[in-house]
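Two complexes, one shared chain (chain A), two partners (chain B, chain C).
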Partner chain A sequence: MSVQIIINGLALGAVYALIATGFSIIFNVLKFSNFSHGALMTLSAFIGYFVSVGTGLSLFPVILISMLAGGLIDLAGEFVAFRKLTIRNTSSIYYFVSSITLGTLFEGIVTIWVGPNFYNYPRFFKSMVVKFGSLIVSTSDLIMFITSFAILMILMFFIQKTRLGRALRAVSYDRDTASLMGINVYATIQMAFFISGCLAGLAGVFLGINYTLYPQLGNLVVKGFIASVIGGLGSIFGAVVGAILLGLMETLLINFIGSGYAPVFSFLIMLVFLLVRPRGIAGSNVQEKA
Partner chain B sequence: MLLDVKGISKSFGGVKAIQNFSLTAEKGDIIGIIGPNGAGKTSAFNVISGVYTADEGTILLDGKNITKMEQYQITREGISRTFQNIRLFKGLTVLQNVMCAFDPLSKYSILGGLLPTPKRISEERKGRKMCEHYLEVVGLLPYKDERPENMAYGLQRRLEIARAIACEPKVLLLDEPAAGLNPTEVKDLTELIERLSKDFGFAILLIEHRLELVMGVSQKIYVLNFGKTIAVGTPDEVRENPEVIKAYLGEEEKKC
Partner chain C sequence: MEFISSVITFTLISIISVIGVYILTGLTGMFSLGQASFMAIGAYVSGALVVKTGMPFWMAVIIAIIISVMIGFIVGFPTVRLRRDYISLVTLGFGEAITSLLNQTQSITGGALGFSGIPKRTTLLLALISAIVCIIFASYFKTSKYGRQCIAVKSDELAAKAMGINISRIKMTAFLISVAVTSYSGALYAFYTTYVDPSIFGWKKSAEWAIMVFFGGVNSLTGSIFGTVILTALPEVLRFAAAYRVVFYSILVLLIINFKPSGLFGEYELPVGKIIKLFKGGRKEEKGNAA
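Up next is the complex of A and B:
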């Protein structure tokens, strides 16, 4: 029983990690929390849903389409809502306002499109559970966990080891100097939004499978936010660690004290972290831009 | 003509930071730019490297007009620079700092970024090797896995220079490279600048307050004051120029 709870928690944590990472990438590059991220998750999850219902595709093509849709929509969002702010080098408060507006727009589009109803993804798996000896694991948990981890590993590798990842980090540390070193800053920011959008699409589909699809699904983005606060805002590694911890804690709490009180404790944990260790686990200081 | 700056001007509100500034440089030249504080030296650099766009005038690099290009394009065309106040990427290692600057020159696509294609692996290896070479040139190879913020000030200055040469420039702009260095370090830096000019053959523009350094290495010196060019010539000519002496020492009071 307890092993199953842990696997459950890991799967949930992995999805939170996708949200938190998508959040962190944008936070790193432009130093603001992108509040349109949640609504983008919902929007791309719905695109995935209608594609799967309409064409009967299996899970992985649907994931791919959702990720691509998320990435492209986020690119458009960046162009509409943030590009001018970046060019004018404005303060981050305008980014906040702009991202909230963009999020409301996305959510509005979804509500007009699907109405306030609840939707269920078709059943993608033949059997609901996989058995490892005496261990019974839900198939969706397993797939969520494995896929999320694979994607996060690829992302880590991309950021740490490739030239575009280095450009991303250079732009995060000092945008102006990066530009003077021959890095195309706007293209790098677009890339960050595309990656973040892809992660939102993936997280959206998984949340839709795990719970149900409805226009306010994106509110779960708060979990990603808590995770990145616990892990340390701006640190991608920290966000992943924080998300896994949060997923495990939530699942354990739901088992021991019931789902009514579990969210209360999630927020309490975040508050404790802000009081005791505001830098989060990874402890990277976010520096003010010069 | 490698670099041909023709009559550039830039004002901020009522302040004319730089007026009608012209400069020419050939391959292998070392050109000094001196002047009192606020004379417009760094503004000239900022206009040439694209931080600001000139209000008037044109900048030709190898015959190509780069006046209105984006910063990163100007850098790719072949102008790279260091900064008066050191601006390294904190959080990246010394080698990664240099590789960042070299990366725009290596060729692989976004797809290549995700998949370990043979081309990417070879490009990545080539880039690393080049960057290690640049670090060796400035004498920082032993520090390649250090964090720049942990290094001594003089070494950080050298790292900025290594990062600037990794852009494979035709013209290298050095903005007060000797600021905050002790006399021994200044001597090493002088040798480094001369060696760079000889080995790489790019033109070097040098802003510097340490006159012994500028006078020692430059073939030609531009003197600015209040945004205007007040003298151009060889170090000896400039040293004797009454305008320059006036700008640096102030005018002698007229005797009654």
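Up next is the complex of A and C:
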């Protein structure tokens, strides 16, 4: 029983980690909190849903399509909402308003498109559970955990070891100097948005499978935000650790207290973390620069 | 007539909430995505006090504001010391927490079904007087020592610190004032509609207010008020196209941010006396149209 709770928590934490990572990448590069991330998750999850209903594809092609859709929509969003601000180098409050408006726009589009109804993904798996000896794990949890883990590993490798990843880190660190070193800053920012959008699409599909699909699904993005605050804003590694921790704690709490109070406890956990260790688990220093 | 007067009252209540957001966002540059939750606290606490204990209206409102400010202090205390992104993320989590709390404590708040049976105490006149008092307060606050400190903190935190401004304290002051104003608007709202439910106080509402402030002009109180009037009154009249409305506004606001980032009014500010005059004139016109 208790092992099962831990596995549930890990699966939930893995999805939160996808959200938190997608959020952190943008935060790193442009130093603002991207509030359109949640609505983007919903939008790409719905695209995945209609593709899977329309064509009867299995889970992995649907995931790929959703990720691609999320990435492309985020590219368009960057062009519409943030490009001019980046060129003008405006203060972060404009990014904030822009991202919220973009999120509202995405959600509005979803509402017009599908109406306020609830949708369920078709059942992708033949058997609902996988048995390991006496241990029973639900298939969706297992797939969620493994896929998220693999994607995050690939992402870590990409950011740490490849040329493009190094460019991404350089632009995050200092945009002007990176530009002087011959890095195409805008292309790098576009790449960051594309990656972030892909992660949003993946997280959206998983959330849709785990819960139901409805226009306000994106509100679950709060979990990703809380996870990145716990982990330390701006640190991708911290975001992953924070997300897994949050998923575990939440699953345990839900088991003891019931799901209704879960948001209250995640909020309290975050508040305690800010009081005790405001820089987060990873302890990256994100003081506002002059 | 009834409809027009309700539209005006809702607009006035929105103006009061937006003034709270203006002090926080327009002057200090912080974004609260849990601002609507403070409105919810104001509405629920004052409503519950009047309905369950039979307390007089004014006393209930004052107690509700005090409780909101205390909760605001708890939320703000760990947050204002950190960089400004934290306050939006923390208040967002706070909003979710309040919504789920309101949904869970059914014996007091009625849960998701909402809390009804609040007596109707807010009149058009009360809303109008409150809005005017809040506008006057905000315009004095803007030009006071504190307001100038807020603007300094918004423009450049490091420079403000170097000038000897206690940054965490000024941020906290702005946050608590905006919480107090917003929770007052919540109380007015509850005693006008006589019914509140948790779903109307989500973070979308807070985001909408921040958008209104930016739409009108982030540094201009006049602009914020006009932004509110335009973005509140029109949708009430154009109710039939609710879903398209959201898309339309989002595109409008994106255009403004891209092409006129200082908002409709920019830095422009009317003198207080003229604002009141203009406001009264505008109201008479609307009444004349209705009759």
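Note that the second predicted complex is superposed on the first by the 286 of 290 C-alpha atoms of A that agree within 3 Å, B and C clash if a C-alpha of one lies under 4 Å from a C-alpha of the other, contacts with A are read in each partner's own complex, and residues count from 1 in each chain.
By definition in this document, a residue touches a chain if its C-beta (ideal position, glycine included) is under 8 Å from a C-beta of that chain, and two chains touch if they have at least 3 such contacts.
What you are looking at is a predicted structure, and each value in this text was computed from that prediction instead of being measured.
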Where does A:L274 make contact in the superposed view: on chain B (first), on chain C (second), on both, or on neither? second
Which partner, once the models are overlaid, touches more of chain A's residues, chain C or chain B? C
With both complexes superposed on chain A, which partner does A:R166 reach: first (chain B), second (chain C), both or neither? first
Check the residue A:F96 against both partner chains and state whether it touches chain B (first), chain C (second), both, or neither. second
After superposition on the shared chain, which partner residues are touched by A:T177: those of chain B (first), chain C (second), both, or neither? first
Under the stated touch criterion, which partner chain does A:M191 make contact with: chain B (first), chain C (second), both, or neither? first
In the superposed arrangement, does A:L233 touch chain B (first), chain C (second), both or neither? second
Partner chain(s) touched by A:F158 [first = chain B, second = chain C, both, neither]: first
Chain A contact set shared between chain B and chain C covers 287
The answer for chain A against chain B in the complex is residues 154, 158, 161-167, 169-170, 173-174, 176-185, 191, 284, 287
As the complex stands, chain C meets chain A at residues 25, 29, 31, 33, 74-75, 77-79, 81-86, 88-90, 92-94, 96-97, 99-101, 103-104, 156-159, 202-204, 207-208, 210-211, 214, 218, 243-244, 246-247, 249-251, 253-254, 257-258, 261
Per the touch rule, the chain A residues reaching chain C in their complex are 27, 32-33, 35, 80-81, 84-85, 88, 90-94, 96-98, 100-105, 107-109, 111-112, 219, 222, 225-226, 228-229, 233, 260-264, 266-268, 270-271, 274-275, 278, 286-290
Parts of chain B lying in touch with chain A, wherever the complex brings them together: 49-51, 70-72, 75-76, 80-81, 83, 87-92, 96, 99-101, 103-106, 108, 110, 113-114, 120, 124, 127, 163-164, 167
